[in-house]
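Lettered A, B, C and D in written order, each chain numbered from 1.
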Amino acid sequence: MTTKTMNLNDGREVWMNGEKVTDIHAERVFQDTLKIIHRYYELQEEKPETHLYTEKNGKNYSTTFLTPHSSEELAKKAKAYREIAKESYGMLGRTPDFINAGVAILPNYAHVLGKDEHTNYAENITNWAKHVKENDLFISHALQNPQVDRSQTLGSLLKSGGSDYAGAWVKGERPDGIIVHGAKMVNTLAPLADELLIFNTPTLTPEDDAFGLAFALPLNTKGVKTIVRKPNSKYDYSLADYPLSNAFDEIDAFIVLEDVFVPWEKVFVYNSWEKSNAFFPESGLFVHTAHQDEVRGLVKLEFVTSLALRLAKGLGLTNFLRTQEQLGRLTSNLELIRGSVEYSQLSGHFENGDVYTPNMQSLLAVRDSLTEFYDEALRLIAEFAGGSIVGIPSAKDLFTKENGELLKSSLTSPLLSAEERLLLLNLAWDVTGESFGQRQRTYEFLHGGNPMWIKIGHWENEDLSLGEEMVDTVLSRARESLNEEK
Amino acid sequence: MTTKTMNLNDGREVWMNGEKVTDIHAERVFQDTLKIIHRYYELQEEKPETHLYTEKNGKNYSTTFLTPHSSEELAKKAKAYREIAKESYGMLGRTPDFINAGVAILPNYAHVLGKDEHTNYAENITNWAKHVKENDLFISHALQNPQVDRSQTLGSLLKSGGSDYAGAWVKGERPDGIIVHGAKMVNTLAPLADELLIFNTPTLTPEDDAFGLAFALPLNTKGVKTIVRKPNSKYDYSLADYPLSNAFDEIDAFIVLEDVFVPWEKVFVYNSWEKSNAFFPESGLFVHTAHQDEVRGLVKLEFVTSLALRLAKGLGLTNFLRTQEQLGRLTSNLELIRGSVEYSQLSGHFENGDVYTPNMQSLLAVRDSLTEFYDEALRLIAEFAGGSIVGIPSAKDLFTKENGELLKSSLTSPLLSAEERLLLLNLAWDVTGESFGQRQRTYEFLHGGNPMWIKIGHWENEDLSLGEEMVDTVLSRARESLNEEK
Amino acid sequence: MTTKTMNLNDGREVWMNGEKVTDIHAERVFQDTLKIIHRYYELQEEKPETHLYTEKNGKNYSTTFLTPHSSEELAKKAKAYREIAKESYGMLGRTPDFINAGVAILPNYAHVLGKDEHTNYAENITNWAKHVKENDLFISHALQNPQVDRSQTLGSLLKSGGSDYAGAWVKGERPDGIIVHGAKMVNTLAPLADELLIFNTPTLTPEDDAFGLAFALPLNTKGVKTIVRKPNSKYDYSLADYPLSNAFDEIDAFIVLEDVFVPWEKVFVYNSWEKSNAFFPESGLFVHTAHQDEVRGLVKLEFVTSLALRLAKGLGLTNFLRTQEQLGRLTSNLELIRGSVEYSQLSGHFENGDVYTPNMQSLLAVRDSLTEFYDEALRLIAEFAGGSIVGIPSAKDLFTKENGELLKSSLTSPLLSAEERLLLLNLAWDVTGESFGQRQRTYEFLHGGNPMWIKIGHWENEDLSLGEEMVDTVLSRARESLNEEK
Amino acid sequence: MTTKTMNLNDGREVWMNGEKVTDIHAERVFQDTLKIIHRYYELQEEKPETHLYTEKNGKNYSTTFLTPHSSEELAKKAKAYREIAKESYGMLGRTPDFINAGVAILPNYAHVLGKDEHTNYAENITNWAKHVKENDLFISHALQNPQVDRSQTLGSLLKSGGSDYAGAWVKGERPDGIIVHGAKMVNTLAPLADELLIFNTPTLTPEDDAFGLAFALPLNTKGVKTIVRKPNSKYDYSLADYPLSNAFDEIDAFIVLEDVFVPWEKVFVYNSWEKSNAFFPESGLFVHTAHQDEVRGLVKLEFVTSLALRLAKGLGLTNFLRTQEQLGRLTSNLELIRGSVEYSQLSGHFENGDVYTPNMQSLLAVRDSLTEFYDEALRLIAEFAGGSIVGIPSAKDLFTKENGELLKSSLTSPLLSAEERLLLLNLAWDVTGESFGQRQRTYEFLHGGNPMWIKIGHWENEDLSLGEEMVDTVLSRARESLNEEK
């Protein structure tokens, strides 16, 4: 297997800052990010023992497509996820392995989707999953609907003429497929993907059948437009000035569907709000992508924890008890997450016969807590860096004939040369003070769902039997005593 | 094996509120707590498959004395700890299994203590550990020194005549043993124990050789006095009014040693500040007792989490999103602790040949976080109970001829009868608002060491290699860019 | 004017722990608290310049009854409140001055209550306010209804036979007055008061006319029962052991009304849910009692702030930067509250012609924040005291022949003698770890209303015009730029 | 008086991103900020009643130069500060009024600086203050030293040849003045100022006499270089996209002094580490600039509080109790700050005869708390905006022929048009997620000193006499009881 070459100038329509992008590979922001995506493919060549597995048919596939049948196989996948995440310091949340984790087990859950007079949805998704795996495609998923008017259902909004772009809906049916119209928002990395997988979160109501859809399509399908948000990069400056902002950008996009034709074989849910609601939680997609996601989140937390420590050391703060205590708080947080991610793999169960499924309550506890732990690390990095951060000149200034030497003399400390100090503080600022870092923080807080709903869902599914038994016991002893008072 | 009968009127000298206790079994506060301690022995009869194991010699011993050789054996011990903890809802921190967890592996580490011209300390501790196991004794440990003057070393304090009671020290030597004098503080459950194990935290300095001691002695040894703190009970009221305060009390005590003779065979460290410092951390005591301790802490967290839920349900609060979110926060916390405790067992390593030793970094992360999670649960219980708690009359009032019926009518809600409401709110108050509950909170925060030092120790021992590698990578990429600016 | 003598054995029916109290003055818990209440009267003799003012009729009255006509007069009242609060370290929240602050201005708002065919309510309340002032009565107010079933209105609960004790309601009408039945809960200090003022929070609905009531009655009225909660005292121990718990108790009580007759002249609202809802917020009672309340709250915060400092000094912690920072946080909190209380007086406005009314938004900001600042001080006190607190023996132990000297030697430090150390740590524990302290914490969080509703009310009434103007400006500048893009 | 015209192309040497700026007025980032600075002068024409006052000599001066002799005069100054701050929404911290607040009273404290054989420092500073006032100059102050090696004193660092740029130091003396060499960092707005006032924080030691300096100089003095940090602007986009980042930038700069000659008449401290340490705290500069600073901080807090509300309303969140409570928390915080700023003016005292000096403990409590309140508002804004913020296309995209209409349809809600929604979310993101906003957050946390030291200083100066008295009382009562036990 040779490393895949991606050609994005395949007719896809991508817009940025009011203009259509004529050559996607020529835009630096796309180029930079593509390099990191590409590492997913390169790693298969560099470390095949980790990144490939062999199927009964004798062929090798990316480990991320492996259907896990044991805790060990889940751990093998986790190792691959971890190494892929390392390439972006855990900051690219939607690398190919994310959706692959779900695609890997979709066929095992295909029966959930059934069939009808139009087509066999179960078969379609099974075939599509195979197609993705065989070609090791990069799939971006489009889940969120635009926030048009959350006080109305999508169905009534459509009927009342409120908006044609409140989601993706079926405008017409043809013998060979359907015509889809509408929009989806916050589609991370979409302009760089091979195909889009479009579906809904489980929030449709009986009025929303027109939106009751799930399907896939290539990005260069006629009628598909991708409009990207403003990038975070500052290309007037170097990577030394902005080591992360200028390294890659996860590129959230707005997807518009203008009377797009989707052939039946790529339709997985049609005309059913109930199946649409089932698509994500009951297809295994939710739990298996959550596994990839928390492994990646852990890598990101490892990164910022080490950065906090590096900074504390470089600025000479590790002699302060206060700083030591703060660092201990971070490592203690990190250790809870590490242990829980591992535990989620070790305490899995079998679903649909033989899919070894990670412990979702552990994964959701990680998802819920990691956001706060990540934020805590950011705040500490900002506190350590303090005002130093705004006293750093640009890398160019450090090397001018007129000012270079004096700046070096002013910025050098016994612990750090001026150059190392500049690099370290720029990194600290990029992760806390630049739009790159703040978008990362926003992503970490929200990409897995509203933190409030994650907590609520966690409570509803938690096994509290041990505690319940103890509360029953203490109350029953007190009740006996009460009865004696009568 | 028959359940052990404890006779505490064996000549031991116990003081309470200015008076010597003449019959320990007649004091209700001792009686009540003894019942819970006794459950440790009863469980061995009730569930021998969990609480006993068979040694090569064919004899059965408490599972808590098992030397673990595998993750499974550690899990077996954890199960026993958990069931013992359940008896007190996780609130008795110093039940026999605590020190047994350490005694179980002491012989494997005995060589650390060596021998000298007086005696063979390694042999002594091995024999003592055997003696404790064979007789299934209840050992209380005395670790803390009185806070006389922390700005001086113990040695210089003694020499200057500052105080004879700043710790336990050797006043004289005899051919058959030593004369010990001094005091130790906060010795939990001491008056109910068979023997005391007396040692120091690893804080001695070269000046403190006189304090460089570790030894054991029965509570009824001549010269030993136990002075207990004020109890938390309110025995003018019933268990219905104070379901925990009036159920048991962990009874912290001040131990005084007045020229006490300790025979050589019970001496484990003598005349060595270095060995005293090694005794706790390098004898396996620290890590194995930590394992018991975190399992117990988890049980306590399970208890208060369930209590918070029970209260929210009983008071009709579970319809509020706010409350649901708060409950989800508690279950998410709980799940992190559960996963980490399990992970500490699954990711152990072998020490001294074949002692399977739990992952200390996981256990310390639990110790560090559990205090805050426990406090968070308490605060939520207090918030849920709100002002209701001070509107509850005594159990007796609920049954007076004159007021009983009207009080019941005022306190009954569709969700709870007046009686159940009274019991539940009294339980909530006992755990948050009474000295019983607040002493429990203090215990949870401090029994495992100052939270600041736990954090600092955690940081110092954490493996951060993955993060370090990533920080190196990002800085090296930025450095390349910087070098291009030159 | 001579200090008032209170005779509480006037036929009132008070119940405690299932028994009717035969001699109120003989119960130590009542005795102790009464002493502090009595200080309110004694201060008028000791410092008449502060605690008395002279009316046009030449007579002297308690300053707390003064109708304020200027910022200076409000400050004079605040000074009296502060000195009264000092007597209980700010911990008795319902001393006579609390309700007096409202009674003072009730006549100015009497017109709100109107009149009808039965009686002239405006006149009644005016006369009652005069009666209270002339006789300097101690009035306890009964506001809260029992929590029977908050999912139903009081009216429907009554009609459906759900409970006769869900509030106070009119059972019958007589030519000379009304027959009231029902109950009120959490009536602080009720058993020690002269009269009760009974009314509702503004939460009645049109179905609740039977509960649409406000009236006053002496505690010894036939049919009135006062059932007190379990006290916090621990009288087996001395004041040295429990310096606050054994000093006084604010005594929350359950009030039962069994077919109680109230003559028309003591009825202030009748048969009107709307006037009941108006009674508290539109009578000046709310804002003027809030003024007293926040002055008292400030005194309490001063107390715990100083206690935290005293403790930090006594335990030798003030050399640690960490501790110094924590103390600075407390003094900074305190200073915000001080400034805001003063500002509420300096930025008042006139109502109903000439009643100088404090700035309610400032007072509510204090009410909202003080709870958290108080809690923060408590947590710090607990942290400072740490485990020392459970190592303290009883005062009696300190003086036994057998143990006294050795305990003193163990507890003495260069900064504190054993005796002072015991007193200070007992005080710290009383305020944080005993039911006295925790009931105080609960009181501080809830006595002024649910913190969530206080915040919501604050937002609804805040003047944000300056910020609004700036947001308008920045958006309008951006809008201009946007329009240029068109 | 006509509005001052600033000419910055006066020979000053300003560096940005490795290049010398040839025309300062031509750089957009300087242009934009200058417009806001200029408003300080324009306001004097637009609202002379607020922004000017008349001296005995009949001349008008900026109100910011008024020496306050009463609470009313302080309030007049506060009003001027507030209106100036409004122009930048409180975000330009170093507008001319900041240092003017201190310059106004410098002559009253001039005696602190004394005189010696070289010159009369007291006279110098008095003359300079007059010169600034007469010409209404814009003074930037240079306070911070570069962080070369904080483990050594500046003096020993210089002697050992460690760095010539660890601060500003005297390299030579001439009959007519001194030669100064070195550097200062984080000099906010320096490139746009008329003159620099250079001094130290009170941290010099006896070894640092060479650094014991305070002096002023015009920016275009030979040997002075200003090197500015990387700007926050994103000028590829419009003000609609970045309503704050592209509106102004406070421009922190590094100041280099290369053998700069300062004539005696501009030298205020020379060769004295003690006077250098006295210069800031004992010259009135600290307290009077703090007054301006906290008034400005309040304006900024008003701005973000209103923005949070605007956002909550625009996104339809104000129906949620959770959101309402969060808003109430913000308004309660705001009200504490408002009250405390006002109180600082109302509770001032007289210094040096007749300078009415604001209450510094109130101002420092504001400084300490405002940082956290500001941060709390930012976090709430980020939470409200949630993921919406990354779903916003650029302003240009909103008006393309191809996508404009469909984007509008997707972004319009019943509460906000697409355009208003874009503007509001861009503003929210600018204040929370862009480097502009994060630099503002850093500024707020650190510009007034390290928050830890602010707290510590606050504690050391707080009047706690009321609390002390109460603690004494309760302990003395407990002590009496203890003595009875003896």
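Methods note: a residue touches a chain if its C-beta (ideal position, glycine included) is under 8 Å from a C-beta of that chain, and two chains touch if they have at least 3 such contacts.
What you see is a predicted model; the values in this text were computed from it and never measured.
Visitor: Between A-C and C-D, name the chain pair that shares the greater number of C-beta pairs in contact.
Guide: Answer to which pair has more contacts is C-D.
Visitor: Just grab the chain with the largest centre-to-centre distance to subunit D, centres being mean Cα coordinates.
Guide: B
Visitor: I'd like the Å distance between the centres of subunit C and subunit D, where a centre is the mean of that chain's Cα atoms.
Guide: Averaging C-alpha atoms per chain gives centres 42 Å apart.
Visitor: If you average the CA atoms of subunit A and of subunit C, how many Å lie between those two points?
Guide: The separation of the two C-alpha centroids amounts to 52 Å.
Visitor: Which subunit D residues touch at least two other chains?
Guide: Correct list: 321-322, 396, 399.
Visitor: Quick check: in the complex, which residue numbers of subunit C touch subunit D?
Guide: Counting only subunit C, the residues touching subunit D are 82, 86, 89, 238-240, 243-244, 247, 299, 302-307, 309-310, 321, 324-340, 342-344, 346-347, 359, 361-362, 364-366, 368-369, 395-396, 398-399, 419-420, 422-424, 426-427, 452, 454-459, 462, 464, 466-471, 473-475, 477-482, 484-486.
Visitor: If you look only at subunit B, which of its residues touch subunit C in the complex?
Guide: Contacts found on subunit B: 15, 17-20, 144, 146-151, 163-166, 183, 185-186, 225, 227-230, 234, 236-237, 241, 252, 254, 256, 258, 315-316, 382, 386-394, 396-397, 399-400, 402-403, 406-407, 409-414, 429, 432-435, 438-439, 441-443, 446, 450.
Visitor: Which of the residues in subunit C come into contact with subunit A in the complex?
Guide: 320-322
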